[in-house]
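A, B, C and D are the chain letters, set down in written order, and residue numbers restart from 1 in every chain.
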Amino acid sequence: MSGNSFGKIFTLKTYGESHGRMIGGIIDGCPSGLKLNLKKIQKELNRRKPGQSNIVTQRKEDDKVSLLSGILDGVTTGTPIGFSIENLNYKENDYHHIHKVYRPSHADFVYEKKYGIRDYRGGGRSSARETATRVVAGAIAKQLIKGIKITAFVSSVGSIHLNKPYHKLNLYCLEDTPVRCPDPLVAGKMIEQIKIIRKAGDTLGGVISCIIQGVPVGLGRPIFNKLHADLGEAMLSINAVKGFEYGSGFSSVQMRGSAHNDIFNANETTKTNFSGGIQGGLSNGMDIYFRVAFKPIATIMRKQNSIDIKGKISYLEGRGRHDPCVVPRAVPIVEAMTALVIADHWLLNKIIF
Amino acid sequence: MSGNSFGKIFTLKTYGESHGRMIGGIIDGCPSGLKLNLKKIQKELNRRKPGQSNIVTQRKEDDKVSLLSGILDGVTTGTPIGFSIENLNYKENDYHHIHKVYRPSHADFVYEKKYGIRDYRGGGRSSARETATRVVAGAIAKQLIKGIKITAFVSSVGSIHLNKPYHKLNLYCLEDTPVRCPDPLVAGKMIEQIKIIRKAGDTLGGVISCIIQGVPVGLGRPIFNKLHADLGEAMLSINAVKGFEYGSGFSSVQMRGSAHNDIFNANETTKTNFSGGIQGGLSNGMDIYFRVAFKPIATIMRKQNSIDIKGKISYLEGRGRHDPCVVPRAVPIVEAMTALVIADHWLLNKIIF
Amino acid sequence: MSGNSFGKIFTLKTYGESHGRMIGGIIDGCPSGLKLNLKKIQKELNRRKPGQSNIVTQRKEDDKVSLLSGILDGVTTGTPIGFSIENLNYKENDYHHIHKVYRPSHADFVYEKKYGIRDYRGGGRSSARETATRVVAGAIAKQLIKGIKITAFVSSVGSIHLNKPYHKLNLYCLEDTPVRCPDPLVAGKMIEQIKIIRKAGDTLGGVISCIIQGVPVGLGRPIFNKLHADLGEAMLSINAVKGFEYGSGFSSVQMRGSAHNDIFNANETTKTNFSGGIQGGLSNGMDIYFRVAFKPIATIMRKQNSIDIKGKISYLEGRGRHDPCVVPRAVPIVEAMTALVIADHWLLNKIIF
Amino acid sequence: MSGNSFGKIFTLKTYGESHGRMIGGIIDGCPSGLKLNLKKIQKELNRRKPGQSNIVTQRKEDDKVSLLSGILDGVTTGTPIGFSIENLNYKENDYHHIHKVYRPSHADFVYEKKYGIRDYRGGGRSSARETATRVVAGAIAKQLIKGIKITAFVSSVGSIHLNKPYHKLNLYCLEDTPVRCPDPLVAGKMIEQIKIIRKAGDTLGGVISCIIQGVPVGLGRPIFNKLHADLGEAMLSINAVKGFEYGSGFSSVQMRGSAHNDIFNANETTKTNFSGGIQGGLSNGMDIYFRVAFKPIATIMRKQNSIDIKGKISYLEGRGRHDPCVVPRAVPIVEAMTALVIADHWLLNKIIF
């Protein structure tokens, strides 16, 4: 009800603020008998961690996850999996400059107005720090939905776009560049652009594309919880996301039905896949693919005008260690949220309705 | 759980197939003491109804709603509002040609695979006929959220785009043209394009833009149910929708943070509104605006190849009366779903958390 | 959220007031492919119907159910099953005497206070008329959970008690007497007592016992939704219910653990069944049994003091046709609610967690 | 869905096994701006803690709660309150004797069958250890619902009953005796009985009564979530509970309507309160009271026959430190669950429907 839970069957509920003692969550609904590879969970967290390369924030977050319940000798028991991640910067005092001033295009103002109180330290609950918990849950979801492969990658950074269709890319080399774009040439240009923008104390937006392969036919729910609607909500819940499209997306607007319709082959596949693997809200067995737009994040290393909590004009100096472009580190988050949606529908599908 | 319900507090659950006896639903969570204008409810339904002009389908659906409970002397009592709309085409026999054949890019194939049975008549449950129930609920939601104004309009049909910013449009003349584009000149071009495509037996996609004005600060929930995430899910649940973006949307990708940040005025408004009225998932008091992409619908008046339920190659002849472009009739549906989201968050906001 | 829905997977949402145009509901979550015996549904409704014998109310309610969706050629399609039952007494004017006066121990006062408005006609939404919708849903649930047998019967009426253990009763003769007590001798005494109380213009309480046989091991959820907790909530949601106990119930208080523990046989059954077929909230394969206490209903055919909506002392004359003892007609309602709980857990159990 | 969450608005989700690293939970939906008395939370936990007196288990559980989020300078921020309690007996090896054998009338057998795996250490998730998390959440709920007073006390232990009506008891002396019965004389007899049963290596059942005072009119939801139905479910979710009755309860069965009806006074109170403060599922402003039956717990200090996980007849020796009668320590749990129900309905009531 309060927005801190995700999923219907395979569910995640999270708690924690950016600079509180710890963040954590409860994964509930994971079936029993799943042998967990604990290293893979930590590995996913490490992909999201700050300081992996010189194009992301150098902030220190160790992000070591502790699994607290629901597992016996490495196997899930069907009971809730509690977990926590300590905040190394707990009690750090780097945020007093925003105690009384609202950062533009951040959540400071709306939280103050809605709740009458806000944890100003690093954005509190509204900080993207919270997405670390999603990555933990997503890493477990990935292990549950065996045979389904989720791959996200950076397809745009500012004005640099990767224009190749995904099946012409070598998705296995994703981690070869710090920008997580599978085309080395385009990746190079993206990195260059990020370095320039960082030097300028500014930020850039980007696009993440995601492919889901191996989905059986029939995942999804009709009417209000269509598979793509749930994917859309999941993506739009990630910090800084401004748009979502799947299959032919916004470009379908200019197409004609006769060209857009995906004609069946005798083996129940389709000749084209403008549908993006989903028809009538249900998976049709073809690859699912979608794109997610991220705005340039609001924290810039420049002086900005703003107002304080009394409505007086004030200003803010950029401070701290922040990402000049959020998409490289958002790749594992997109994958995690995708895994959560698919795991949820995959379990739900065991009850046919 | 099964995808047939929408909302958490102000909720809608629907039933019914395109060619069953009736469609209907239950609106639950509408507070007591709301004096309903029943004519306005029917009026909204009429906006969605087929046969309003010569650019939409001429199919006969009278769409007369009956309110069955929850209202005493025109005032809501706080108990569920049951309602139904009879299907005039009940028992019509126009659909035997698709009994055994899957229509390309429709839900026929996936429903058959998921459920092992499907109501083939007019697409059954997967038909957009179901959206009539959403319009009823949305019309009541609109009356609940007094002071909040929701306006959707057609901003693209195929390659014809309305490029003016919404505050330069006269949104009151929306219903003056059958295409529901508030610029008469652009509307004329859109109508022309739709007529051409209809003659060709083909279909076109389009974009609907929507503005929400008068939203108080603080609507929305943090983390997973951000206001724009709920709006996105609502829009993506509408038949034929392929994409959603709010505020600066996909175009934000190419902007820099220093240009994208919305700087505060002393009165707590912002100088720009790239945020689209939502920050950190909560409304900030500025106008909320978003865009929704609709694909060209799959039913074309042409012969198409396909397969039958045994996987044998077959073909389909286009038949019946269908929309060449769905967006004009989808305008009241976009408004209805928006109203449902806003009503839900508006009520939820009475419990501050 | 608003209390008008039941169940998590196999769900029922209802609408309607006692004297509105109709009552009805939506059954959502029933799997596809279930061949429905429609006559059995109507037959269950007839068991609950007034006027079946001379010991129940002679009020006229025809209770003919119409199934509106979700079924194709008698087989469920996995989409919501909408249904409605017309109210024959719609617009009847027999209730003006309670328009401004609160009936003692009814819901009139609290509804008026909570909602500021109330449908006074026959108690509106708070009337037990609403339970007819539960019987429809329960009748479908019963057909879903093949192999599981639910039998409720009257075990007390006022001071007349049926003291035999259930396995010594012939539960097949349940419908032989209008009081639905399977022991003819005790049934006779109960009927006599009801006739006496009716002549006195008064009412009597009673107890319904219920047995569930054939439940597989493992139904139920741990911690907060234990199987007996869900059964308890279901029973306590029925009008006039004041208490619920399962297995050894309140009598366990005086037992010692050494006598109360159910010792296992080698075949995994237990020698005794004080647990009532449920351990740790999960079914253990033994018979589940519980008892439900009903108060004497509040509508008596006597003059009573009360207050009007302005707080002025007033009085009420008993009027209309009412049940002197509610338990005979409540038997199919107890069975229906039991079937809803079991169907829900039975489906949920397909996802092991 | 999985049974590990409680509440709709003010919610608790818990994790943890008896002998895992820690137990904990997330309280979500607590409004912002509540100044928390942290000592009172720990104090409630201490009331439930083992080893408080010589009539309860001497097991060591320190039960020190850590609040991890959602609080800034002692005031709630409206974000989730994560918390944890370390298990001191983590990795204790006292439970190998039940690794392969099912304890009679425990959850061992059903967990093994349902999940295919079970944390055998101290009963794992099915242990009443989990109720410590409920007490934490309940202690916060109590602080939220200012002006509402919840008092539970022991009214039966085995065959010793407290027969006075609650308004003749001095509920303030509740903590004066370790048995938590507010009548010193009866308390003395209860303690004596518990000591005898402990010496016998056996266990006894009991009854807890609970009174809720100061509830405003109109709390609760109609139809399926009547206030007493939610209270009933809450109580039945507590380990060892076998029955629930409110107001006149099972004794109402033998009453006549004319005697049972609560006649109104001019000030909208009622002369009697057989209704138990709830009519039509909604609070009517009178005291709410109910009774909860607890069975003699299954762990006895005697040798018992049983079967092992292969279905072979085996036996169990009683071991460890256990409660001879659970009700004294269950008093704070009953209060906590009551507080959770009331807080939930109290918040929900802010949205009138």
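Things worth noting here:
Basically, a contact is a pair of C-beta atoms (placed from the backbone, for glycine too) under 8 Å apart; a residue touches a chain by one contact, two chains touch by 3 or more.
Quick caveat, the model's predicted, so the values are computed rather than measured.
When the contact pairs of A-C are matched by residue number against A-B, B-D or A-D, over half are shared only with B-D.
Interface comparison, B-C against C-D: more C-beta pairs in contact at C-D. The mean-CA centres of subunit B and subunit C are about 39 angstrom from one another, to the nearest whole unit. Distance between chain centres (mean CA atoms), subunit C to subunit D: 27 Å.
The multi-chain contact residues of subunit D, meaning those touching 2 or more other chains, are 1-2, 4-5, 8-9, 14, 29, 32-33, 78-79, 114-116, 125, 222, 348, 352-353. The part of subunit C that touches subunit B in the complex is made up of residues 1-2, 4-5, 8-9, 11, 13-17, 20-26, 28-29, 32-33, 66, 68-70, 72, 75, 77-82, 84, 114-119, 124-125. The residues of subunit D lying in touch with subunit C in their complex are 1-6, 8, 14, 102, 104-107, 109-111, 113-116, 125-126, 130, 156, 158-159, 197, 200, 202-207, 217-218, 220-226, 228-230, 232-234, 236-237, 242-250, 252-258, 260-268, 270, 274-276, 279-284, 293-300, 302, 304-307, 311-313, 348-349, 352-353.
Across the complex, subunit C is touched by residues 1, 9, 29-33, 78-79, 222, 347-348, 350-353 of subunit A.
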